[in-house]
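You will see two complexes here that share chain A, one where it goes with chain B and one where it goes with chain C.
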Partner chain A sequence: MRVYGNIEMNVGKIEQITESVKRFYLYPSDQKLLPAFTGGAHITTYVNQGDKTLERDYSLVSDPTDRTHYSISINRDPNSRGGSVYWHDHVKVGDTVKTSFPKNHFTLGFHAKHHVFYAAGIGITPFLTMMTELEAQGKTFELHYAARTKEQCAFYDYLNEKYPGKCTFYFSRSDEPVRMTPETMKNQRIGSHVYFCGPVSMVTEYKEAALSYGYPEKSVHFELFAAAGGENNPFLVEIVNSNTVIEVSPEQTLLEALLDAGIEAPYSCKAGGCGQCEVDVVAGEVDHRDIFFSDEERKQKNMILTCCSRAKEEKLVLKI
Partner chain B sequence: MFKSTNLDMFTFPFTNYKNKTYRYSNDLVALGEDKVNFMKITPEYQAQIKRKRELLEEQPEVRYQSFPHTMEMQWEFVELIIDLAVDKYPEHFSIEKNGDQWTFSNHILGEKETFIFGDESSISLEPYDMIGRHFHHDYMLMVNRDDNFYLEVAQESFAALFSPHWNLGMSFNEIHGPVPFVSRDGVELTDRIRKFLLTIEPGAPRTRVNWNLMADRWDVNYETMDIWGPEREKVTAENAGELVHLRVEEQWFVRMPRSNAILFVLDTQFLPLEDLVLRPEWLEITYFNLADIPDYMAEYKGMAPFLPQSVEYLKNLIDSLKVK
Partner chain C sequence: MYSSPVLYDQSETIKEKLAFNDKRKKHLIIYDQKAVSDVKQVLAKDTQEELEYEHFEIGDSIDLQALRTLLYSQKMGTHLYIASDWDHAAAVFAEAIEAGFTEDEIQTIIYGPKRRYIYCMKCYQKSEINYDDEVQCTHCNAYMEVGPFFSKVRKGYIGYPFIPN
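Here is the complex of A and B:
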């Protein structure tokens, strides 16, 4: 059984799922069994682009107990940082890529009586493995899934066939447009857990709605594609315990600047959603751009998520 | 009581504290690839296994506990343990897999375990308990639910104020409630370490070394305090060298991908204080550290009744070596 490092994979098959979504099947080069994983898990992929390595996280969409291969589904998004475009346009069958072990920051609630999933677009991916798990355990769930059209709705046929009666689709650009709304959360029984995956605006809207309807915080789960945007100011960071001062340019995140300077800063999702890059702030005001911490938590303690948040003014003093 | 006889395999705990004496800190470090495999067969292997199995027979409920929903997690553990053992010591352990029909052989003890992988009805013990009895470590499975870790399976024979019976189901914060977990600069560490543990991912295990002193015991838990509690009083500056043992726990933290749990592995080793003369540099560092242990730490670690005698013993030993 593997316990250490990354895994070298061969791209064994590529399927066009919709006009903009491709599914990549990855097989371990050493042909040894891969680790099984849990519903909602993702892998970090490392693809060489010239002398740069593109590091991107994608949800696993293969069966969690199938240890012969992993697969991921990627939406080609020309407005993103370039990872999805590279995967779509340059990764071919037979190529070698590296991946991490499966990691999971979006797990099923252990105590949930019923699971309700809300997906926007390619946000469907983590729910595929969650539903596989719940089905195998005989637990109840339902899916609400918004896409522009039926044709652009990845896994539409698969979901309808596998989970009849459990999926509701909302097509915003069809002849009779239907919008997915948070209102459907109001009708769930006590003990239900809700899960959101999609763009920041969608996750924020649904999270706030769920809390306002009275869902306990532990019953609300979410995963983001990318961190919220905003003007990227340059600023200075002083690290008190290593006596260094680092410049953060507008093109960099604070985390990138720290890593470039050789500081072993913790991180994982790089999207302000997992909370793993939290660092203590000694001085300076923080422009919080994550949705991980509640306003209450921000008041209680002075910290920053380095992957997306920045300094409000010229300087921050941190302790790492 | 056993002691480490191959000092090259003994993990001396204080090497990192040459200039600073011991205090609690978040001291989990990343592991290099060559250090990931925690299997270690020392000259004491057979003695340890014999005693571990005796303890498991004598107090099965105290020493082994699990929740019924952990069976799949237990099999993931079985596979990991067997693979690591066979990988590092192919001369001592082997595995034959015929589909799901597995036969694990322990050539040191001349034993075989045959079972259907994934089918707990094919063995008399639970899978975790069965395979754990072939190795001297203590094994705790801390399952990640929400933002904490909960003890859901544990097999233990070298307790330091801990037992599966007592601690099953507790969160990381509850288990560490009694620890005076404060860093040198006064930071409360329990919650900080909980957060750190959340960042341990599959494929990147971590390690740390913990230590304690024990008076003529290898194992202290709440259930047997009436026996070992009074025994701590019999230590004097004259007999401390023989009775008091430096207890070292080498710990590994391995995130299990299917269980989404952290497997917490403890390798416990003992060295009587008198054996420190075999490594004079260890003797001095140990004295230096023990002489500086704050009362709250000595109290929590259970060494308060015999720490002063142990320190005096070490001081006398160092002085006598200087005279020569």
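Here is the complex of A and C:
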């Protein structure tokens, strides 16, 4: 049985899903059964690119009950940090990659009576396994899915065929453009949980709308692709328990600077959504850029999420 | 559901008096005869502020079918207020949880005494208790210390048996 470390995988098959989305099928090199996972789970992938390793998180899209392989779907985004472009342009059938065990920061609400999913673009991926799980349990759900066109809408045919009547599609660049809006949350039955996955702007808009419609915070779930942007000033970080001072450049996140300096800082999603990289702030003012902490928590706690938040001024003092 | 919330004397939903939750869009008030004058007073005052509300009065007994129809027809953004004696509140609370309300969406105002239960770790039966720290099981007569933990599954405080001096 696998108990720790990463898993060596062979790329067994690559499918072109849309013009910009590819699905990669990963089989364990030792041919043992893979760890089980639940709807909404993701893995961290490690791909060697020359002398550096690209580390990226991708949602699992394979059937959670099939432990012979994992599959991930990646949208080629030339404006991202380079991971998706490398996967699309260089990873071939037969290549070996490493992955983590499955992790899940985006689980289904245990007590929900009805589940409502909102996906933008490649944000559909975590919902595929969630819907598989709910369908198997006979629970009710609906999907609202926005894409530019039908052709660019990954898994359009699969979703229509597998979940007839449960999926609503919104194509913003079709002949008759339709925009997905948060309004559909207004008339959901009591006991509904809502889930958002997409860019920061979309998730922020939908989260705020849900709260304004009176949803309790515990009924609102989300996952982000990337952390929110903003002006990146350089600043210094003093680690109080190791007497170290680190410079954080405008090109780096605080987390990257800590890891480059050899500090074993905790992290997972790298997008300000999971809270795994939370660190105590001893002194200095934080420019919070996550959507993990509520306004109240920001006032009460002296914490920073190192993957996305920065110093408001020249220096922060942290305890790690 | 097996681990669904239940109403117990330390429930976070219990408040001293009815106060509308301003995060919600609609307010559903279910009350019995003991709470009727207080509820009507609050409604008379707050309806002037154009709050959306709906209410349901419990007579001598609860009309379960009407209650379920009401609870299941509610939309997200509704806050439920239960103002009644313990037995009515416990019954409405259980129906509301089954319909999909969470503890964050319920406020309970109890008129009269609250009921407490203990789950005996010797005979695995539930008994009603008072506020003493040590009690006797009404089923097996074991002496029990009332534990600090309330079990949602067993619907009572965990009772630790001991041999008295």
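Note that in this section the second predicted complex is superposed on the first by the 320 of 320 C-alpha atoms of A that agree within 3 Å, B and C clash if a C-alpha of one lies under 4 Å from a C-alpha of the other, contacts with A are read in each partner's own complex, and residues count from 1 in each chain.
As a working rule, a residue touches a chain if its C-beta (ideal position, glycine included) is under 8 Å from a C-beta of that chain, and two chains touch if they have at least 3 such contacts.
All values reported here derive from a predicted model rather than from experimental measurement.
*Asks:* Tell me the contact category for A:215 with respect to chain B and chain C: first, second, both or neither.
*Replies:* second
*Asks:* Which partner chains sit in contact with A:36 here, chain B, chain C, both or neither? Use first/second/both/neither.
*Replies:* first
*Asks:* Regarding the shared-chain residue A:204, is it in contact with chain B (first), chain C (second), both, or neither?
*Replies:* Neither partner.
*Asks:* Tell me the contact category for A:113 with respect to chain B and chain C: first, second, both or neither.
*Replies:* In the superposition, A:113 contacts chain C only.
*Asks:* Quick one: classify A:2 as touching chain B (first), chain C (second), both or neither.
*Replies:* So A:2 only meets chain B here.
*Asks:* Taking the superposition on A as described, I'd like to know which of chain B and chain C A:190 touches: first, second, both or neither.
*Replies:* It touches chain C, and chain B stays clear.
*Asks:* Can you tell me whether chain B or chain C touches more residues on chain A?
*Replies:* B
*Asks:* So, A:149: does it touch chain B (first), chain C (second), both, or neither?
*Replies:* Neither chain B nor chain C is touched by A:149.
*Asks:* After overlaying the two complexes on chain A, where does the chain B footprint on chain A coincide with the chain C footprint?
*Replies:* 218
*Asks:* Within their complex, state which residues of chain A touch chain C.
*Replies:* 111-114, 185-192, 211, 213-219
*Asks:* Any idea which chain B residues touch chain A in the complex?
*Replies:* 31, 33, 36-37, 76, 79-80, 83-84, 144-146, 195-196, 198-199, 201-205, 254, 257-260
*Asks:* Can you list the residues on chain C that touch chain A in the complex?
*Replies:* For chain C paired with chain A, touching residues are 1, 4, 23-26, 71-72, 74-79, 99-102, 104-105.
*Asks:* Hey, which residues of chain A end up touching chain B in the complex?
*Replies:* 1-7, 35-38, 41, 64-65, 100-104, 107, 109-110, 218, 266, 268, 275-276, 278
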